[in-house]
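Would you mind keeping the following structure in view while I ask a few things?
Chain nomenclature is as follows: A, B, C, D and E, assigned in order of appearance, with residue numbering initiated at 1 for each chain independently.
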Amino acid sequence: MVQFINMLLIGIGAGSIYALMAIAMVLVWRSTRVINFAQAGMALLSTYIGFELVQKTGNFWIALPLAMILGALFSALVEILLIRTLIKHSTSGPVAGIVPIIATLGLLGFIRAMIGFIWGNQDIQIQPPLSKVGFKFGEETISLSPMNLLVLLSVLAMVLVLGFIFQKTSLGLSLRASAYSPEIAQLAGIRVGAIRTIGWAIAGAAGAAAGLLQTVNGTGAVSPDSLEFSLLLTFGFIAAVIGGLESLPGAVLGAVVLGLVLAAVQIYISGTLVFIVAFALLLLVLLVRPQGFIGTKAGRRA
Amino acid sequence: MSLVVQNLTVDHGAIRAINGVSFTVETGKLSAVIGANGAGKSTLLRTLSGLNKATEGSAQWGEHNLLSGKPESHVRSGVSHVSEGKSVVAELTVEENLDLGALWRRNKKEATETKQQVIELFPRLGERLGQRADTLSGGERQMLAIGRALMSKPNLLLLDEPSLGLAPLVIEQIFQTIRGIVDSMNLTVVLVEQNAMGALKIADTAVVLNLGHVATSGSAADLIADPAVRAAYLGY
Amino acid sequence: MSTNTPLLHAQGVSVSFGGLRALHDVHLQLNKNEVVGVIGPNGAGKTTLFNAICGLVTPDAGSFSFEGKERSWPRTDQLADLGIARTLQGVGLFPDLTVLENVMIGAQKFAKTGLISASFGRNTKDEAELAERSMTALERVYAGALANRRANTLSYPDTKRVAIARALVSEPKVLMLDEPAGGLGPQDIEWMNGLIRNLTAQMSVLIVEHHMDVVMSVCDRLYVLNFGEVISSGSSDVVRRDPAVIAAYLGTGA
Amino acid sequence: MLKKHPLIGFTLFGILLFLLSNRVDELRVFQGATVAIYVIAIASIILLTGYSGQVSLGHGALLAIGGYAAALARNHWGAPVWLTFVIAVLAAALGGYLLGLAAARLSGPYLAGTTLALAIGLPSIANQFPIFGGEQGLLYDIGMPPASLGEDFTQYKWYFWIASLAALLAIYWLRNVMASRYGRNWKAVRGNDVAAELAGINVGRNKVLAFTVSAGLAGLAGALLAMTISTVSPGAFPLALSFSLATGAVLSGVTTLGGVMIGAVTLVAIPEIVDTVVSRFESSDAVANNLPGLLVSTLLILTVLFVPNGPVEQLRARREHRVNK
Amino acid sequence: AQAASDPGVTSTSIKLGITVPMTGIASPGYNKIPGAMKAYFDYVNANGGVNGRKITLVIKDDQYIPTTAVAKANELILKDKVFALVGTLGTASTKAISASTQLAKRGIPSLFVNTGFSGFADAKAYPTTFSILPSYQMEAKIMGKFLKDKYADKKLALIYQDDDFGRDALAGFKQAGITFTTAIPYASGSQSLPATGAGWISKLKAAGTDVTVLFGVSSASTAALANAYAAGYKTQWVLGSVGGDATTIAATNKAYVPLLYGAKGFSFAPAPTDATDEYIKLFQSIYASAQPTQTFDNNVVAGMSNAFLAVQALQATGSNLTRAGLIKTIETKGATFASPFLTPLGYSASSHVGATGYWIGTYDPTGALKPDGGKYTVYTTDSGNGPVVESSYKRPAMPAKGLPN
C-alpha cells in the first residue's frame, strides 16, 4: 500500500517535470505551429543564466523570476531573428512538416555549442532552494518533498494562468488566431508579428522555469550535454503529443499519465522497459485517439 | 474623407496584375469593381488592405496612406477587408471568429453591440456561435467572414466577392444590407463582384477592370445601360 | 432525354452532427442521362448529401442503391471504380502536380502496372495511355494547352476546368458537381452550361449550385433542401414557382 | 539523351565512380562508401517526407532493423552476402509496414512524436534479447573482396563498390517509382487527401506503402552501414543518426531526388572540414570541442532559412521565374 | 634515434590518436580523458620525449557512436597516419573500429582500450589490441567474495545497468555464488529520468534489504544516493568502480558527498584524493598546470595512467620503433612495466589483459575512498573461473620524475 502510494507520488512527481517542458512546447505550437526542439536548449540556457544569477544574488527566489524574464527575452529574440523568416519560406508544401523541426534542431545544437563556449562542457551546480527530503507521516517518509511540491504547484499555476490566458483573454484569442491563420488575423487588426513574439516569450519563460526547476529538483547539476535535458525534451514532447498538443491541461494530463505509467513499470515490472513502454504508450494512445487526449479533430473533409 | 487611388500598379513577380489604375470613391458611397476572372480585382483589394505591395502609384483613405504600413494598422484606421474565399479561422468557433474582428477595439460594450447587429444580420451565425468554423457550410463561412469584418466597425469596407457561394435570397439580403449600412452609417464600400448585375444595381459608382487596366468607370446606372458592358460582363 | 432507369438511389438519408440535424429522411433519385440539381439555402445540407453518397460522412440512417442494386454506402476510394466522380466545392487540385498529372490521378482506375513493373520502368505504355486519356479529357474542357503548368499557377476558371477534366477522365456514370459555377464570370458560366448539357449523352449529372441561370438551364429535375429536409422536388419549372422554395431560397428577385 | 535513357546515365555515372575509386586514397574511398549509404537513407526520407508528406524522426530505427537483420542472417544462417541485403530490405520493410499502419492515421507532429519515441525505444529492445548481442552488438562480416579483383583491392574499395552499386540501383529504382503513378499518388495524397480518395486512391494504403518502401530502403542503408563498420550495435543507430538523416534530407531538398548527393556529401564532409579548420588553431578545449557543433548548426540554420526547399528546387524555381519573365 | 618504416614515427616524433566522446550524452566525465593524456605526453615531451621523439596526440570526437568512431579512426589511420591508437572508449566502438579498420591485419596497435569488456584481452581475437581495465566480471567476482566474507547473513540487493556492463557483473556474482534478494535492472540512460532513482529506493524499502550493491554508471549512483537521502532510507552501499567515482558524484552535486560516507568502493588505481601516493602527486601537479580550471578526478587518473603506460611501452620498445616491435614488447615485458595501478598487469603473448584486480575501501566524510585497514589490499582474479586471491603484488617504485625508462 505504502509502495503503491509512493508509486503514485513518484509518477506524479516525474509527470510534473515532463509537464514543465510539455507546457512550453504546447505554447509554441499553439502560437506558431512550430514544434520547438530547441526548447530544451533554451531551457538549458536559462538554467545557466539562473545559475549565474544564483551565484550573483545568492538567492534562488530572485534568480528564478529573473531567469524567466531573460528566458522570455531570448525566446522572443529567436522568434524575431529565426522563426519569422523561417515561416515566411516554409509554411506550405512538404517542407512545412520537416523544415521547422530541422531548424529548431539546428538551434538546439547552436545553443549547446554556445553554452560550451561560455561555460565549458563540465557540470555546473545549483543548490535546491527547498528540502528534497520527503514529508514524514509517522515513521514513513513519503516520496513527496517540499521541492516536489513546488514543482507540482508551479505546473498547476502555469496551467491555470496560461490556460486562462489562452481560453479567456483577447491575448489568447489573438495567439490562437495568429497561429492558425496569420493573414486573417492580420485582416482582423491583430498585430500578428508581435503576438507571435509574445507567444514565444511566454514559452521561453515557461521553459526557463522548466529548466531551473527540473535541475534543482533533480541532481542539481547541468552541462551542455546533460542527458537529463535530452530526456526532458523527448519525454516532454512525448507527453505533449499524448496530451494532444492543442491544450495545456492535455499536456499536463499526458505528462502525468506518462509519469505514472513509467513509474508503475519501473516499480512493478522492470526498469529495463521504460523506453519501450514510453513508445508503446504513445502508440497505444494515438491508435485510439490520433489527436491525443484533448486534441481536436479537423472539422470536415469536404 | 474619400478613397483616392492613383496610377496604382501591382506586380506578382513577373506578372503585372494591376496596371496604372486610378479611381475615386467618395465617403458614404458604394463603388463596385467588376471584371473577368483574373482582371486584378482581388489584387486591387489586397493592395488597398496592405496584403500586397504596390509597385507604383498611390492610394489614400483620407489622411491615411494605404500603401504603407501593415494590414493590421489599416484595420485600426477603419479599413476592413473580407478577402476572397471564405476567410475565417477554421479552428476557431463562430463566436471567436466574430470576437476576433473586434479584439483591437477598446470599447468592449460597443463591440458587444456590434456583435448583436451582426447576428441580426445573419441569424444563422447566431445559431452556430459555439460551432467550429470549419464545420460550417460554404455559405455560412462567407457570412461569418463578412460578419467578422463588420465587427471592426470599419468606415471603409473592402468586400471581395461576398456573394460567392451564397443562396440567391441571401445574396439579395446581403446586397440590401450593404446598401443599408452605406446609407445609414455613412460607410464607404468597395465591392468586388462576379455577380456584376447585382453589384451594379446597388452601387453608386463602378469601375470595370480588364487585364489590370481600368476599362471604363462611371456611375453604376450608366454602366448598366452601356451595351458594351452589358455584353461583356452582365451576360446579356 | 431521360429514361426512367434509376441509376443512383438514396433513400431515407439522415445525418446529424452532435445535436445538429443536417439531413433528415432525404430521398434522392438519379436516372440515366439525367441532370438533377440539389438546391437550397446555405447550410441546408446539400454538400452533406453529396458527402454521404461519397462516403465522407456516415449516414445515421438510409440506404443506397446503384444501377438497381442495393448496396452499402460506398467508401470514398471505391467511387471511381463504381463509376461516380465528384468535384469539390473548393476546387481541390493537387497544388504541386502539373495539370496533366492532376488529371492522370483521376485516370487512376485504368492503370494496370503494379509497383514491381513500375520500378523497372516497365510502365511506359501504361503511362502513355493514362496521359492520352488525360489529354483527351483536358481537351474536352479546352484546357489542353495547360497540360504542363503546375496546378498552383492556374487562374481560377482554369482550375475549375481542370477539376472537371479530372472527374471526367474516369469515365463516370455519375458526375457530381458541387457549385461548378461559383466564382465564374458570365462567359465561363455559359461555357459550363454547354458542357454539362453535352455530358448527358454519356452520363448522369448531379449538381449543387446557387447560380440559378445554370440550375434552370441545365437541370431536368430539382430537389430543394431546407434544414436538411426535401421541401420540394420536380421539374425546374414546377419548383421555381413553388412558394415554399421562393420563401426559403429564391426570393423574389431571382 | 540522358533524360530519355536514364539507364545509360546511371551506368556512365557508375563507371565514373568505379574509375574514381582507383584514383583516390583509402580514406576517400571509405568516405565515398558512407556517402553512398547516406544517399540511400536520405532518398528514403525524401520519398517519405517530400512525396508522401509523412515526417519520420526515427529513421535510424529502421536502419537498425536492416542492420540487425543482415547481421543475424549472416551469423546464424550463414546467408550469402547478397541475400543478407535482401533480408535487410524485407525485414525493415516489414517494420516500416507495421509502423506505417499506425502512421497512416497520424499527422504532422503526432507522427513526428511517434517515430521519435520509436527511435528511443528500439535500442533497448536490442538490449533485451541475447540474440541481438546487447550493447556491444553483433559482428557483421561480409568477407574479403573476391581474389579475382587482385591483391591490391582493399576491403574499403570492396565496401565502396558494393555501397555504390546498391545506391545506384536504389536511386534508379526509386526514380522509376517516383515517376510512376505511385509517386504521383503520394504527392496527390499529400496535396489533398479528399480529392485523392475521390479519384480512387486508398489514402491509408497509399501512406502505408510509402512507409514500407521507405523503410525497405532504410533497411538497405542500415545493412550497408553495418557492413562498413563490420558490426551492428544499438549505439550505431542513435537518435542523432535519425536527426542527421532528416537534416541531410533538408539539405538535399525534400521535394526532389535530384539533390540527394548534396545532403549525403555534406553530412560526411562537413565534420571533417570543420575538424580540419578547428585543428588549425591552437584553441582551448572549450573552443575545440564546441566549434564543430557551432559551425554545423549555423550552416544548418542558414540553409533552412535561405534554401528551405534545397538547392535543386531553388534553382528550378529561379529558372521557372526567369522563363516567366 | 633512427628513422623507422612504420607510419606515424619519425626520428623526432611519434603520432598517436584517440577517438573519444568529447560531446554528446556520454561525454560528461569521459571528455576529460584526452586532456589528461595530452597533459602527461606534454610533460614527457618537455623532459626530452621518448627516445628523443616527441609524442603528439590527435584527438577525435566520436560522440560515443560506433559509426562515427570508425569514421574518425579511419581519419586517424589514413589521413593523420598515426602510429597507434590509444585509449579508445566504449565496447561497441572499440569492436567496430577493430573489425572495420582491420587493425589486426594491418598490424596497427590499439593501446589500452578503455572498456571493461573482457574480450579485448584475448590475444588471439584481437592480436594488436591491449586492455587496460580489469573486466567487469573480475570486479563482480572480487566484490562477490567481499560480500560473502563481510555480509554473509545480510539481505543483499543489487541495482545494475541492464546491458553488457551490468550483465557481465551478474555473471561474476553468479560465479561467486552470491544471490540477491532484490535485483533491480535499469535501462541505460533511464537513470537520468526523474522517477527512476525514487522507484529504486521505493523497491528497496519495500524489500527491506541491508546491503545494496550498485553496478552502474556514476549518474546512477547519484540518483540512488540522492533518492535514498530524500526518502530517509539507510542501507550499506557497495559501489562498483565505474559508478563509485566520488569526484564525479561531487561534481554533480557537493551535497551528495556526505551521502557517500561509509559506502564501500572498489578501485584498481590509487584514489585521486590520495595525496600520499607518488603517482597521484605527480599527476596532480602536471594536471594543475595544464588544466588549471578543471577538477582532478578518476577520469584524469585514468587518462594519465593510460598515457603513462603508453609511454612506458614506447620507451621499452627502444629507438627502433615499429608497430610489430611495440606489440612484441608489451607481450614480453608488459607484465613488468611500471604503472600507477596497484594491481599486477597481466600482459603476455596469450593474454592482453591489463590491471587484474581491485582494492576495497570505504568513503570518508569528504567523499575520499580510503583503503580498508589503512593500506591497499589487492585482490586479483581472472575473467574466467579462476579463484579470487589476495595479491602479494607490490607496485614498483615510480621511475624518477615519473618518466618511464
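FYI, contacts are C-beta pairs under 8 Å (C-beta built on N, C-alpha and C of every residue); 3 or more make two chains touch, one makes a residue touch a chain.
Quantities reported herein were computed from a predicted structural model and do not represent experimental measurements.
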Required steps from chain C to chain E (each step between touching chains, minimum): 2
Higher-contact pair (C-beta pairs counted), A-D versus B-C: A-D
Maximum centroid distance from chain D, chain identifier (CA atoms): B
Approximate Å spacing (C-alpha centroids) for the pair chain A, chain E: 37
For chain A paired with chain B, centre-to-centre distance based on mean C-alpha positions, whole Å: 43
For chain C, residues contacting two or more additional chains: 47, 54, 56, 88-89, 92, 95-96
Multi-partner residues of chain E (at least 2 other chains): 22-24, 31, 162, 187
Chain D, residues touching no fewer than two other chains: 124, 127, 194, 255, 285, 289-290, 293
Footprint of chain C on chain D - complex, ascending: 6-7, 173, 176-177, 180-182, 184-185, 187-188, 191-192, 194-203, 209, 213, 255
Residues on chain B engaged by chain C in the complex (per definition of touch): 36-38, 85, 124, 131, 135-140, 142-143, 161, 164-173, 194, 196, 233-235
Complex interface listing, chain D residues touching chain E: 25-27, 30-31, 34, 124, 127, 134-137, 139, 141, 155, 225, 228-231, 233-236, 238, 240-241, 268, 271-272, 275, 285, 289-290, 292-293
Residue numbers on chain A that touch chain B, as the complex places them: 170, 173-174, 176-177, 180-181, 183-193, 296, 298-300
List of chain A residues in touch with chain D within their complex: 29, 35, 82, 85-86, 89-90, 93-95, 97-99, 101-103, 105-110, 112-114, 116-117, 120-121, 224, 234, 237-238, 240-241, 245, 272-280, 282-283, 286-287, 290-292, 301-302
